[in-house]
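Please see the structure below; I have some questions.
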Amino acid sequence: MTIYQPDLVTVVDVIDETPDTRSLRLEFQDEATREAFGFHSGQFGEYSVFGAGEATFCIASPPTRPGAIECCFKLVGKVTTALREVDIGDTIGFRGPYGNWFPVDEWRGKDVVFVAGGIGLAPVRCVIWNILDRRDEFGDLTIVYGARTVQDLVYKRELQEWQARDDVTTVVTVDPGGETPEWEGRVGFVPTVLAEVAPSAANAVAVICGPPVMIKFSFPVLEKLGFADDAVYTTLEMRMKCGVGKCGRCNIGSVYVCKDGPVFTAAQLKKLPAEY
Amino acid sequence: MSDERHADELYLTEESLTRLVDELLTAGTEVIAPAVTGSCASPAAIASAACLRPGAAPELIEYAALHDASQMALGRGLPNLSLKGFFLPQEEALVSWRRRGTGLELRGPRVDAPSRIALGVKPCDAAALEIVDKVMNWDTKDELWNGRREATTVFTLACPVEDESCFCAAVGGTPDGTRGADGLFTPVEGGYMVQATTDKGRAFIDSHLAAHAGEPAQSDSLRRQAAGFRSAARERIAGHLAIDGPAIRDWVAANFDDPLLTSLGIRCNGCGACTSVCPTCHCFDIVDEPDGVSCGTRRRCWDTCQTGRFTSHASGHNPREDQNVRFRQRINHKFAIYPLRFGEILCTGCGRCTRVCHAGQDLVEILSEIDDAARRGRPAVTADSDGGGEG
Amino acid sequence: MKELQELARTLLADGEVELVIGWEEGRRGARPAFITSPDDADRLIFDARCVHNLATYLSPRRPQVTRLGKLALVVKGCDVKAVAGLLREEQLSSDRLVLIGVRCGGVFEEPALKDPAQPTSETVAPRCYGCDNREPARVAYLLGEPQPEPPMPATTIDDRVAMLDALSPDERWQFWTDQFSKCVRCYACRQVCPLCVCEQCIADKTMPQWIETASHPRGNLAWNLIRALHLAGRCVGCGECERFCPVDIPLSLLNRKVQQIVEERFDYVVSDDPERPAPIGDYRPDDQEEFIK
Amino acid sequence: MKTPDELRTYGATADDRSAIDGPDASPAGKFEPRITAFVCNWCTYTGADLAGTSRLHMATNVRIIRLPCTGRIDPLFIIKAFERGADGVIVSGCHPADCHYTSGNYHARRRFTVFRELAVFLGIDPGRLTFSWVSASEGAKWRDVVDGAVSRARELGPFEGYHGLVDRPSLTGESFATIEDLLGDGSGERS
């Protein structure tokens, strides 16, 4: 068996998040693999539908809840279209975990600010649950999450769950024009709302993930709030094939995103050529 | 550099080499060597009549798994494609699947290749193997590559010919090198002087080659001949191109947006021919190919950074939108990324990319220009340097 | 040559164009030149080594070229057919382009030959034989002296096609599948083709994936067959695909065969007239159909 | 509308699978050709339907793929059918001047003309390619087309040349292994 051969996983649950995003819950078929499998928040895997190919997503479930892993994907290409067709009980493939991770353990005792947009909540969600499951190890938690429209918000039930908790501040927003008459949350772009929520930067780190334009405009806001570049973490998306630093397509500068990433600090990103 | 290895040298006549190869083939051992393949395997009449263009080279030299010793064409020009296809095939199965109900059965390829011999390999092609070893073995190990590497005993042949596009000496190679190989053949009168440089090479000599070797008494003058041949080859190549690798590495890494680097692709057609023929280009794609409804094969095949498809995201976003930046990536990967990451220039100076490019992209020329800029210590340009022509 | 350099210098200096694409002396023979400054106009050359069909640089798929602005293109008579093809298919607007025609007496098979004399029957590009466009039409400027007829090559492309036609189907199958098994799928044939202008090539489409990307003979056959088919009635026979092929697949034979079919069946020969509609995408109710039972 | 590729990729239903897999070799090991037919919805499909409802006796080796018009039939469909194991292909639609979309069949005719002759130039036996016009009322003609295509394919035998392409040994001496080990006999080795 080579490093390119996936493990077989069974789809144990299929959850429609939005009209074009879906979560799958996967269980390793091989018992020993299931027992041995471990990962860190922020790592990714290669999910395969045999006949369509492999696609790269982060693992969206937290390592604190072993047994099954989850992924969340948007319907954009060949593999995600095929993934859309799989049903509970079907077999797909998984390779991973790959890449580096958010240094959650280093953040003990700190405040954590989560900033996410659209499907970018998936990798952040992994960290959120990881930290919520070890709640007393961390300081204040703030989640700022937005999507284009109400319909495009992913993990809606969990957003409600977080909003109901009093040990985490959860602000959900939709872009102007994306609200419905029933919408009770905020209306505004994520960077704007982030500036309004204005979490303290003292002894805090920020985790940010979302569309490039959201990240681009959120960095200055975080900077203004006093977050140092090495306290801001994000996760990069690049086209990948092998996931293990061989196939050569995720190079940015001298970085292999699949090995040195996908998690980078803003400080690291600023040193990279803008080729992502 | 190899003169101190004299003591181990053996003399092998052309005839005994032929006998040795035939013996190996008879025993079922795969022998890889440069061979005249024609342009195709069709009956010679068709090939000569229809396939060969008037004026084109009458013979195509390729590394091939030999059927018999007479095919061998040692010491001719550079084979058309490099040796890399024998280690990273143009396409190979990674896993096959078969559906059974809702379940699946997977089958992986064998990773333990049967042992084989590669003879008459160009030193630039052998060196590439050791360079690519690095990326195939950092952290995770590529079993398919490693399996073939371990199974293969490689003997280089000191280069009898070069042309204006060869520049192995500029990137740390030498035309009589054994890097990535287990031993060296040097052409001498009537045959070759053979020496081993690794245990694997010595084992091959002891078990197979020694029995065919000629009289030791002959050897002294032959040794001198061989040493002369090698030093002549080194002298010839030395004048071709001289670059300062580390300076280029640092300059390219620091001057990513310099107009010199952002206008390289203007005449480039964006085909992947240069990467296909390159002995060190190793980027690959992984594709699923159904062979039927319920079964199929996932294959890995060569890919190239020179196409837009290489980096385009499913969303439509493409970090490398035009040929200028794609060509910069090729230079960057070879002369900055790989050296920074693995301590090796990802180029062995074989010159194939230059020869194969009919648009006139010329790596020798490009490297001289970058080397010039690097040596002059040209400062980083930060202003808008969005493409622009040359001149 | 002086004439060409002068013209290019004037066009650039007067701001008539921002770029002149022609040929220059490279280290390994003639090669495409991109001149943006009047001072560099002296680099331009034209002789029998100027083989490249530069119309390929007009493709809308080349943002690094189009971004440079309005351009003048040096064309041989045969190259004008490719420009006409692009105009015909509305891939190009003629107001972006100034054509500088050069009279041509045939070019070499390979541009790397050192001797810029006239080609002989051994060195001439086979496609030059029988050329009827030695004097490019529909150009803004026409330079050079009238040229003699190119020599006849030892073997013409038509001869070679005929040789294959004379073989049995099995022999042809053996021949072509051998050829295609060499293919490394670099897509040089596509990239250099002046008429391959698709925004997304069928070979790059993944939904559904029609062409297998791995370079085994099965996928290679599909690719090479489809490439030739998609050029039916469009291929101008410049032979750049074959010349750029790193593994020497005789693509000209496929292209020529398609040209022959199109000529025999639809009475159509690719011309330098952009107004004439292409045969595929057109039809006549009385087209021959003896093979349809 | 299903194209063969869509049928072959993940997500095909069991019915689709049996539709495309077609008859396998009979228990006696006798070769049964697999024929894929691409037909237009308006004429030939209806004609084939008529052949069925009229209980005409005909070969059962043909699997029909229905498309709106012959104008929709890309030569790639035919290539894909051969890639996935067809021994012969039928393409059929409305007679000239009868096209539901006025001129789809005229355009298709030009493409088929070039494709067929080029395929022959590559060495594909024309007997594996059957083109016909069958109208909605020509059930008997459909039967004849089918029987003709099947008997020609039977005579030519399995299209091993095409099906074995993936198994041909390369320069590197390694053959292109597939799970199905289709029909490869190692022919076509380089000399």
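For clarity, chains are labelled A, B, C and D in written order, and residue numbers in each chain start from 1.
Note that a residue touches a chain if its C-beta (ideal position, glycine included) is under 8 Å from a C-beta of that chain, and two chains touch if they have at least 3 such contacts.
As the structure is a prediction and not an experimental result, all values here were calculated from the model.
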| item | value |
| --- | --- |
| Middle chain, criterion being Cα centroid separation | B |
| Chain pair whose interface holds the most contacting C-beta pairs | B-C |
| Separation of mean Cα positions, chain B and chain A [Å, integer] | 40 |
| Separation of mean Cα positions, chain C and chain A [Å, integer] | 49 |
| Whole-Å gap between the CA centroids of chain B and chain C | 31 |
| Residues of chain D touching at least two other chains | 8-9, 166, 170, 176, 188, 190 |
| Multi-partner residues of chain C (at least 2 other chains) | 164, 171, 174-175, 178, 209, 212, 216 |
| For chain A, residues that touch 2 or more chains besides their own | 50-52, 77-78 |
| Of all residues in chain C, those that touch chain B in their complex | 19, 26-32, 34-37, 39-40, 43, 52, 56-57, 62-65, 67-68, 109-111, 122-123, 126, 153-155, 160, 163-164, 167, 171, 174-175, 178-179, 182, 184-192, 204, 209, 212-216, 219, 240, 242-248, 250, 253 |
| Complex contacts: residues of chain D adjacent to chain C | 3, 5-6, 9, 74-76, 79-80, 83, 96-97, 103, 106-107, 109-126, 130-133, 145, 148, 161-162, 165-166, 168, 170, 176, 188, 190 |
| Residue ranges of chain C touching chain A (in the complex, touch as defined) | 206-207, 209 |
| Chain B-touching residues of chain A, taken from the complex the two chains share | 1-6, 8, 48, 50-55, 76-78, 80, 89-91, 93, 212, 237-239, 241-242, 244-249, 251-254, 256, 259, 273, 275-276 |
| Touching residues (chain side chain B, partner chain A) in the complex | 94-95, 97, 99, 102-104, 106, 108-109, 111, 135-136, 138-144, 253, 256-257, 282-288, 290, 296, 298, 300, 303, 305, 310-315, 317, 319-320, 325, 329, 332-333, 336-337, 340-341 |
